[in-house]
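Note that chain A is present in both complexes that follow, paired respectively with chain B and with chain C.
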Partner chain A sequence: MRLFEYESRQILEREGIPVTKAGVARTPEEAERIAREIAGPVVLKSQVLTGGRMKAGGVKFADTPEEARAHAEHILGLEINGHMPRGVLVGHKAPIAKELYAGVIYDGTRKLPTFVFSDMGGIDIEEVAETHPDHIGRGHFSTILPQMDFRAKDVIASVGITGGDLNKLTPILSKLARLFVKYDMTLAEINPLAQLEDGSFVAVDAHMDMENEARGRHKALLAELGVGDEETREAREPTPFEIEGERIDSVDHRGVAGNVTEFDGNLGLVIGAGGGSLTLFDAVRKYGGRPANYCEIGGNPSVSKACNLTKLVLQKPGVDKIAVMMSIVSNTRVDIVARGVIKACTELGYDPAEKIAIFRIPGAWEDEGFKILERYGVEYCDRSVSMHEAARRAVEKIGGQAAAQTPAAGAEEGTSGAATEVTQP
Partner chain B sequence: MSILIDESTTFIVQGITGREAVNLTRECLDYGSKIVGGVTPGRRGREVHGVPVYDSVAQLVGELGFVPDGSVVTVPPAFAKDAVFEAIEAGIKLIVVVTERIPRYDVAQMVELAGLRGARIIGPNCLGIIRPGVAKMGGIGGPAKDAQKAYKPGCVGVMSRSGGMTTEISSTLSAAGLGVSTAISIGGDAIIGSTYAELMPLFEADAQTEAIVIYTEPGGRMEAQLAEWVKQNDSRLPIVAFMAGRFMDEMPGMSFGHAGTIVEGKADTAAEKIARLQEAGITVAEEIAEIPDLVRQKIASKAVA
Partner chain C sequence: MADGMFIQVEVDESVRGDAELAQKLADACPVDIFENAGGRVEIVPANLDECVLCELCIHAAPPGAVRVRKLYSGEVLQSAD
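Right, the complex of A and B next:
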């Protein structure tokens, strides 16, 4: 879960890392008041969970409170990459002598958290890594031994920093690692970490990601920050279709109908599970099909959950047919899913044989499931028909291109429609 | 020869009285696995399908008089770290962590302790290990009769980030007459106990295994690590990979499929991973159905070389 800059700054402060003086404004008047309190030049930054703020005009400088108010008015109304700002951060534009970078992330290969430090801050750290690798220091720290400051010191010293600066920076990087662990972050970075003209160090901008799985452990902090339980903080806001998908999943604890995601095609997908859905979605597109949605069913959903999800997909504007497909199941029961999807069709007044382009779920209770499908004349197949072949048949039935495209071409074609729909719900 | 488990492997189930664990215990026993005990705190004296239940791993070890070879951990996420620590500190060397949604820091801690104690973790968020016709450790393949249908003994080692796709691919290999030597559902999280590259030496040393098939997804550096391993080690085993989730390259920052499946940087994309794997001489299949033929071709060309 991504945290806004102002929230990340709040966490830094509470953990004893100095930040520049600032406040969040929701109105131009508030921005003016904060600028007046700061009593000096200010920077105004759009609070959005997306990159490229500067380029989009979401960052402005002001010398007077009146100017701050005018900029705030502009920024608060400015959409960036499909996101409207949560507010505008009004911060003191401190006289900066030097910009540095301090971060903590996971190294999935070594399976440990690692410090990342650079004496070149203010720019994208990936860029520094490519162009000036000798200006980046890294070092893992143990998750079992107590946090040791010397690890942070070694990393900072490795980029050539010594003297008083080293001793001032060590506790900052060390504290950043402590809060990373304490709050189950997957990313905690200060960029830039500024050295002011008086020699002191202060965080100007911060970015943090808290692991979704660990949200339950940090209820007190999230309440303090004002983060609601319903905030998903995904890369884009969920659409009404997706919110309804989540509701269908949450009202019934039996099984999973997860990750319901909207696309703009005509072939509805009732697919599962994790890896199976990824494979099948690719397969539909490989054969020129246009999926109307993505989803992951699994964990043996009830008839009503399968039915409600199918209804949601069937009722989505533009959906002509659905394909019901999974990799071989051992936990989910084929007959239960079959009953759910047929029930959805009949209750909506559709002929299942007409609406269900293909049913390909082999595995547990398949004989029982296939009997039901046969009774309704639905085309089904067992494991002898591959996942890709099933997807191809579904696409053919809906009148899409059934001939395989090269994956690159298929991907590119799909992009334009799907991606725009996805970024602009 | 064997990878990780064989007919004499003994293991326990932690969290054995949970609904899914009860099923898993039944499935493994039916398949021929040796489950020697289970643990659920406060449930000492009970039995699950004839398997005795204890309050702790130490208690179980004391009563049995020996340390079992492995443990399957199925406890809820909040208790998973402690359960794994408990198994490691009791001297168990192979731990299959089935539990999903364990916070990453907890996983890093488990993996670090396992490393210090010489134990191996498979998972988390996985279905376990199966040696077709011999034993299975975890829910992989489902009930014994379903597992028998999908997994036939053979020459291909399978490693997969998706539990379900482990079975789909193994079933395809079995139907094509190649069969499976050992299949491992390695788990779908960002940090897992054993990656492809870390398991390769075991397959390398297994005479039954003649080729490897892996199922991969966007997210993480595991495939790059495998490509690197292949370049640095003169492996006798040809590898065929299947990459799912190619569509995710267009949707950075969004997670699908598994917790670890998210494109955060350029190196995480399906396209980049495919390029790296191919560069290392690994064949990337376009469809699951092509895999058996690709495996046969690769085995044949290795034999010639």
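Right, the complex of A and C next:
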């Protein structure tokens, strides 16, 4: 869940990181009042959850409160990339001597948060990484062990910062790391982190993303920030496909067929179970497959729910086949899902053996499920085939690049090496 | 007798008109395959494929009166007479 700049700044302040003096205005009059209180030159920034504000005219500078009011009037009516602003941030235009970057991101590969620090701030960190990789310091840290300042210090020092500046910057990066963990962030960055002419450091702009699933744990913070329960803060409006997916899930209380998300590939996915969806989606991509959708199916959905979700996926333009894959399931019955997906194929006039590239759901009632799959000639596999291997087979069947990226035998994580239980029609 | 794609449920004609059984089956089945239609046992075809093979209907009925057939394997669930 993305947070607005003004919300991110509030979190920084809450956690003891200095920020420039600022306020958020909903009207031009408020903007004028805030500018008057700041009593100096100000910067006005559109509060939208999208990039490209500067280019779109959503960032302006003003020397007087009257000028601030006029700019605020313009910014508040300015749509940027389809987003109308929540308000306009009116902040002190501080006398900046140098711009730096401080951030914490999550490294999905190492499964650890990572400090990112650069002495080149004020521009996209991706651009710095590309053009001046030697100006970026990085370092992982633990989410379990206490956050130690020396780790942050090492990262800052790695870009050549020493002495008093190093000592002043260390607590800022360290506090950013602590708040990242404390509030279940997936991104927390200060860009620019400005060094003022008096030598002090202050956050001028901030951007934070909170893990969606963690919202329930941070109700007090979100209430303090004024984030309503109804605010999804999604990057875009749901598509008709996604709205229909949500409807299928909501009309039947049994089980879950949720988080249906549209992509533009040719392999439909009916996936889920205990984090299995993400792993499987990544696995399909790893082997060169192009997913048509993402979804999370589990919690023992009814046959009709599994059927309706499968129909939705199968009817999506461009979908050639579907892959039905899950992690090992305990409370979701394999036979029930098998019935649902096969029923969807036949009701749409397809041969399940043709349309289902692979069925890999091991777990409760799997023997019963396998009987159904055998009856309809659907290729299936049991737990001796890893999720990655199942995804690879699905991609291969649909003519993706899987064959070219086949892992060495036995190298696949979770593969038992035992003979695979695959039934061919 | 009524068929789904995967499941067929058979109820003996001799117990079809048993009002008490009709209610018992309607109460027992977790996926509403049985309906008490004015004291008669009726099957709801739209729900047949939702059958979770729990056998509650079989145990609620007199021995052999209700049978659940898996159309994909030919197996029949029924109580021993």
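Assume the second predicted complex is superposed on the first by the 238 of 425 C-alpha atoms of A that agree within 3 Å, B and C clash if a C-alpha of one lies under 4 Å from a C-alpha of the other, contacts with A are read in each partner's own complex, and residues count from 1 in each chain.
Convention: a residue touches a chain if its C-beta (ideal position, glycine included) is under 8 Å from a C-beta of that chain, and two chains touch if they have at least 3 such contacts.
These figures come from a predicted structure and were not determined experimentally.
Touch criterion met: A:E211 reaches chain B, while chain C stays clear of it.
Using the contact criterion defined above for the overlaid structures, shared-chain residue A:V334 touches neither chain B nor chain C, since it reaches no partner. When the two complexes are overlaid on their common chain A, residue A:K371 makes contact with chain C while staying clear of chain B.
Of the two partner chains, neither chain B nor chain C is touched by A:A102. Considering which of chain B and chain C touches more of chain A, the answer is B.
Within the superposed three-chain model, A:A273 lies in touch with chain B and out of touch with chain C [touch as defined at top]. Comparing the two interfaces of chain A, the one with chain B and the one with chain C have no residue in common. The touching residues of chain A, counted against chain B in their complex, run 106, 108-109, 111-113, 126, 142-144, 181, 184, 186, 211, 213-214, 217, 234-236, 259, 261, 272-279, 281-283, 285-286, 294, 296, 298, 326-331, 363-364, 383-384, 386-389, 407, 411, 414-415, 418-419, 422. Those residues of chain B that touch chain A in the shared complex are 77, 101-105, 107-109, 111-113, 116, 139, 141-143, 146-147, 150, 160-165, 167-168, 171-172, 175, 188, 190-191, 195, 215, 217, 220-222, 225, 242, 244-254, 256-261, 265, 286-289. Of all residues in chain A, only 302-304, 333, 335-336, 339, 342-343, 346, 368, 371-372, 375-376 touch chain C in the complex they form. Every residue of chain C that touches chain A in the complex is listed here, in rising order: 5-6, 31, 49-50, 52-53, 70, 72-73.
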